[in-house]
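Next up, some structures in structure tokens.
You will see chain A twice below: alongside chain B first, and alongside chain C after that.
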Partner chain A sequence: MSTQASEDKIRVINLTKRFGDLTVLDGIAFTVRAKELVAIVGPTGCGKTTFLHTLSKLMPATDGRILIDGEEADPRRHNISYVFQEPTCLPWRTVRENVAYGMEIKGVPHQERMERTDRIMDLVGLSSCADLYPNQVSASMLQRIAVSRAFAVEPDLLLMDEPYGQLDVKLRYYLEDELVNLWRKLQSTVLFVTHNIEEAVYIAERILVLSNKPTRIKAEIPVDIPRPRNFLDPKFMDIRHQVTELIRWW
Partner chain B sequence: MAYEEVVVKKPLLLRILPFVSVGVFLLLWEWVVVSGIVPSVLLAPPSKVFTLFIDKLSEPNPDGAVLAVHAWTSLQEAFIGYGLSLLVGIPLGLAMGWFKIVEGLARPVFELIRPIPPIAWIPLTVFWFGIGLTGKVFIIWIAGIVPCVINSYVGVRMTQPTLIQMARTYGATDWQIFRQLCIPSALPMVFGALQIALAYCWTNLVGAELLAADTGLGYLITMGGRLGRPDIVVLGMVSVGISGAILGFIIDCLEKKLLAGIRR
Partner chain C sequence: MSSSIANETVAATSGQEGFSFYRLVTNIYFLYAVSLCTFFLLWDRVAAWQVFGDSLARPHAVAGKLYDLSQVKFAGTNLAGHIWASTRRVLVGFTLASAIAVPLGLFMALNKYVNAVVKPIFDLFKPMPPIAWVSISILWFGVGEFSKIFIIAIGTFVPCLLNSYNGIRLIEPELYDVIRVLGGNRKDEILQVSFPASFPAIFAGLQISLSIAWTCLLAAELMNARNGMGFLIKRGMDTHQPALVLGGMVLIALMAWLSSLLISRIESRLCPWKRSIDNL
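So, the complex of A and B:
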């Protein structure tokens, strides 16, 4: 094994998903290093959700393997987190209990669970509404609860499916900063799926561009711009342009 | 952060409206009988029912028991039957909603039994349990179990699928998902079942008491019929109605208390 391979946290080999005759994922292969934040962009309807569902093991793959630390991925054994497009808060639990829910399933001991919950709620500014119920907080708060819950389990792999897609632009910038901040502090391995190219360039260390169906990885673009990133930085604009060219279908 | 409750006072008119409607209804009823439009051998006016009510509080004749005894017998039967139907129906419905094996086993039998009206069980009940309390409780149990099963089943089925997916990605077991997601999601529907089942149980009470009884509100109605006394029949009916409404009100309050705990 080379040094590069030993650093690989996630290895996806020949991931294929067919529904009858329809091939949605066609031999997808890539690796993610530990503590890396990778964005995945692709044209609309390229099977991003199918891709995430197979990666998270919600849906069995037709072919191929997903390895975490060299072992076959398994939600029971590995810490996989998934932040869905729509908010997924349990309405009968308070904000704090919602943030702790993932750790509860994972069997994190009470004491540690409380400490991690408090820490993460401080980081994302949820502390002030810890004892409220989800129907008493705003839509952006709901998504932050889901993001906090996902980070709190210290995931081996954190999957995010356009978590900020439904929020307004200003709030998005703010939450993207918050996400980058969380990721740097908590050092998780994140796969962030989005259709927003600017968002991808803003947050990611590397961008994987998907093709149209049957979906393959079309290109891989490293984003080596120092943070905090500026949308008007020529390098930023250059990468954004590159990615746009790759996925344009018009 | 405090969550302040906003109190909105209902306007006076809306508050007195229920009393007005009941009052007008009683006056019309009285008038229809007193004026002779409906002969008094067919229907008793409310005033007569009321005097009979006062009498029956202390007078066991002609049907053999005072009103309180009738009501108490009926309440006992209804409550045992109701309690048992909740005890069996809710867990069964919840399990049917989530566990495919339970659904596969229980659903076909349930669907076959469901359309049979509870009073159709009376002859069999007599064979099995004789004519005591057990038989009546059985009829009431059959009546109450149906809405419990259906509501709990539907409640579990309505659990938001993304919540289940979310729990799955964290590696939750089927049992954890059932306990932590499906049951809380189903609670509002289950509480709905409390009301519906109570209504079913209470309305089938009279049917159950057709099964040879010597006390009970249903028995009072049957006796009134046999004696040709419309006032006794109406008193029995009104007692069933009023006590049913009171029970419904109590369950409603309980439901609000319990639901406030899960705040949706």
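So, the complex of A and C:
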């Protein structure tokens, strides 16, 4: 296991979060390898958002540690990126400026910032609306801007909180493909939270299933299906069924 | 890899049809014209039939009166002089008050200690109508320029402060989360989110303040003034010249409208992101 451990990018040890008497997260422990895309699924209200907030250090954990490359996670030092449930574009910046915004905060030099912005906007097809303001593009575009911004900082850890939960099915498939594509091209480490099991099986390398509150990790399911994945592939359906049973059981 | 699936399509369809009666009566501009003509015609008839005795001037009499005033001096200055006298008071009072109120509102929203010191005093004065200050300001500062500017400043202060304060208070917390997660500091939060996000609210406050400023000006000038548009109205009332009263009212409305237009222009220059796709 020592070779395995050296590859671990993220190590979460005994992560616990309590609000008074209410225990939301109860000793969560897992690891994420570098360049891995892990999906986290769980029943509604199991504290997924709290989980991400503590992981991203937006909210202090009651107990436990989060290590990135063996060091205590710190937003000032590490590159953590977060795609929120609601699109969070800054209305006063153009699409291009919104994509570049994360890198500005991170202090990426101007030249490199422009290059990376152009590259990502090309990848996700935002180039044509680069100079529009967020109120001039559709809701799905807004979420793509947020996803692009998150990838653009080349994060150590990219957290995504049901980013496509509000979108219709067709657009969702499209953006999931886009996400997988971005992740493979940019080689980021991604933690994707969703309540959509199909989505999880479609995009992830590995699925962590959360229990109901107090939340623990209930199971870990590797998804070794070659890409592009097919929803009707027997193996796909098998894993989907497996995850569904785990969530339904509580 | 450009995608068409989610791209916005802005389709402008303009049907070209021949002239028809239906199209004429549903034309917006035609209806505007009908509406205005009806209003002026009604006004003219009501005045001509002396519904209010001789106290309502006909529209052309008001226009004529304003033209006469622009040609000759009245109470020491011509029409432009009166307009400028009033506008200057509004400009000075409004600028002074907003220059203090807007930053103070921002400070209050950003710092809870500043807020704790200023808020109680502010809440004490907030519900008081600005015109209530007219008499006391004359007692304090006499009937000169300063007391008029003082009233305008008082009236302007409250909405300016409230709006810049709320402009920051009502920012969606997620916008801050984005910065925090990226490791940004407090300075980034304020410069990148707080200030730009509060701009529209500040401008809304300036608009409200401006209309209050004109109201306060009128109150001050009606009370005591030797020039200005409020003076014209007052003089028209005292000497029973309805054309002069109405002329003053029209002028003040015109100036209030122009100044609010100016603020809108400045806002759309400073906040280009508020454009919608319609007028792109």
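The working rule: the second predicted complex is superposed on the first by the 247 of 250 C-alpha atoms of A that agree within 3 Å, B and C clash if a C-alpha of one lies under 4 Å from a C-alpha of the other, contacts with A are read in each partner's own complex, and residues count from 1 in each chain.
Here, contacts are C-beta pairs under 8 Å (C-beta built on N, C-alpha and C of every residue); 3 or more make two chains touch, one makes a residue touch a chain.
Computed from a prediction, not measured in an experiment: that's the story for all the values here.
S.K.: Have a look at chain B and chain C on chain A after the superposition and call it: clash or fit.
M.R.: clash
S.K.: A:Ile80 contacts which: chain B (first), chain C (second), both, neither?
M.R.: both
S.K.: Contacts for A:Asn135 in the overlay, against chain B (first) and chain C (second): which applies, first, second, both or neither?
M.R.: It touches chain B and chain C both.
S.K.: Among the partners chain B and chain C, which is in contact with a greater number of residues of chain A?
M.R.: Residues of chain A touched, chain B against chain C: more for C.
S.K.: Looking at the overlay, what does A:Thr88 touch: chain B (first), chain C (second), both, or neither?
M.R.: Both partners.
S.K.: On the A-aligned overlay, A:Thr44 touches which partner chain: chain B = first, chain C = second, or both, or neither?
M.R.: neither
S.K.: With both complexes overlaid on chain A, does A:Val153 touch chain B (first), chain C (second), both or neither?
M.R.: both
S.K.: Who does A:Gln111 touch here: chain B (first), chain C (second), both, or neither?
M.R.: Neither partner.
S.K.: Show me the chain A residues, by the header's touch rule, that chain B contacts in one structure and chain C contacts in the other.
M.R.: The answer is residues 56-58, 74-77, 80-82, 84, 86, 88, 90-92, 101-102, 105-106, 128-129, 132-133, 135-136, 153 of chain A.
S.K.: Can you list the residues on chain A that touch chain C in the complex?
M.R.: Residues 56-58, 74-82, 84, 86, 88, 90-94, 101-102, 105-106, 122-125, 127-129, 132-138, 140-141, 144, 153, 170-171, 174.
S.K.: If you look only at chain C, which of its residues touch chain A in the complex?
M.R.: Against chain A, the touching part of chain C is residues 1-3, 5-8, 172, 174-175, 177-184, 188, 192-193, 196-197, 199, 271-277, 280.
S.K.: Tell me, which parts of chain B touch chain A in their complex?
M.R.: 1, 3, 160, 162-163, 165-172, 176, 180-181, 184, 187, 262-264
S.K.: Sort out for me which residues of chain A touch chain B in the complex.
M.R.: Spelled out, the residues of chain A in touch with chain B are 56-58, 74-77, 80-82, 84, 86, 88, 90-92, 101-102, 105-106, 128-129, 131-133, 135-136, 146, 153, 159.
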